[in-house]
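Chain nomenclature is as follows: A, B and C, assigned in order of appearance, with residue numbering initiated at 1 for each chain independently.
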């Protein structure tokens, strides 16, 4: 029941942002469409409705965005240097990485962040054991712990605070 | 008034199409129903629908005739040939007369031809009531065409459902 | 790789869960802005059907059929068609153009959206039935 109220409020806010006017016709239609979205997606939207309560999660999220932007910038420069270099120093391969995140949204965030960063790409996810299979364009270590250290650790520390 | 006459004509033709035993005559009566529908669309001011109805009707008549004949059509050589020839020439004459009057209405060579569109473009805000001209045309000036589009989509969905249904008796458990 | 046998991988399922409501809201927005922006009933209905098809593609047909069965979608499409007929023939539209266009747009969007979803479900179910028949 709580999930339905959360989805209703979110959908109504989204509708207000889209239509950007407060005359009664738009508000009434916004209520209708929010109820419809509620019915269609209520049981699959959230795993636990407690994620919205703590305000510290939002601040960690902002920090994550800044951290991710900086890492992405560095990786872009690194990728450009590798491409322009006359020798093309790449060493591609697939490594297995262990992570401690348990929730689905957290795993998706980690996998998508690694894919967005040039140089690494997530190929498969194993949810029960917490393994990710990552295609790395310059493999520096082949066993699981060192690879985890190099690729994942920076993001995972922040993500563990956002999604428990 | 014309609409009622056309509707009575369509009802009579469809009753004939159901009751006649010969298949070819029944198909021709069905095409008369289609022709009546085309005239009704013209009276109701939906020329797009009339054109589409005429073309689809001709196609449908050809397909149905091909599906129902098993041997060659018998040519009528003796009997009422005088009546047939005279009535055919009469209908050709009527068609050419109306065609002459219709072709005189077309604009001269070299003039701009979008007569109807200019009316819609000029009156869209005052008579249509909407700012978006495309929606004003499809849903205010030509609402019958939107109804026919919706019917076509509906028929397509029903056709898909009908083709892929399971026929036969329900199994006892 | 312990994936579920039905549906796609974990990342696709999570992103679908979070964004299917957004697609539905945007489709409805296209329908409602038909009087000042390009759009209208047909385009908005197609986008609304796309959100439901997105659900079926990501989660598998059985999980979605439990929620929105085929009979319900056919009923929804028929209700939309009847609503459009009633609105188009009533005197509401000859008096006030704006509400007439709005209501008929919503009716058209319902009809088109539910109809496309029904066609997709029918083809998916038909392939499943004929595959089962071929195996036997």
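Operating definition for what follows: contacts are C-beta pairs under 8 Å (C-beta built on N, C-alpha and C of every residue); 3 or more make two chains touch, one makes a residue touch a chain.
Fair warning: this is a prediction, and the values are worked out from it, not measured in the lab.
**Q** Quick one: which chain's Cα centre is the longest way from chain C's?
**A** If we average the C-alpha coordinates per chain, B ends up farthest from chain C.
**Q** Indicate, using Cα centroids, the chain positioned nearest the centre of all protein chains shown.
**A** Closest to the centre of all protein C-alpha atoms: chain C.
**Q** Would you mind pulling out the distance in Å between where the CA atoms of chain B average out and where those of chain C do?
**A** 31
**Q** So, what's the distance in Å between the C-alpha centres of chain B and chain A?
**A** A distance of 57 Å separates the two centres.
**Q** Using mean CA coordinates as chain centres, what's the chain A-chain C distance in Å?
**A** 28
**Q** Quick check: in the complex, which residue numbers of chain A touch chain C?
**A** 7, 10-11, 14-15, 18-19, 26, 29, 33, 36-37, 40-41, 43-45, 104-105, 107-108, 111-112, 122, 124-128
**Q** Provide the residue numbers of chain C that touch chain A in the complex, in ascending order.
**A** These residues of chain C touch chain A: 1-2, 9-11, 13-15, 17-18, 20-22, 24-26, 28-29, 32, 51-52, 55, 59, 67-68.
**Q** Would you pull the chain C residues touching chain B in the complex into a rising list?
**A** 34-40, 42, 74, 77, 81, 84-85, 88, 93, 97-98, 100-101, 104-105, 108, 111-112, 115, 118-119, 122-123, 125-126, 129
**Q** Which bits of chain B are touching chain C when the two form their complex?
**A** Residues of chain B touching chain C: 128-132, 134-135, 138-140, 143, 146-147, 149-151, 153-154, 156-157, 160-161, 164, 166.
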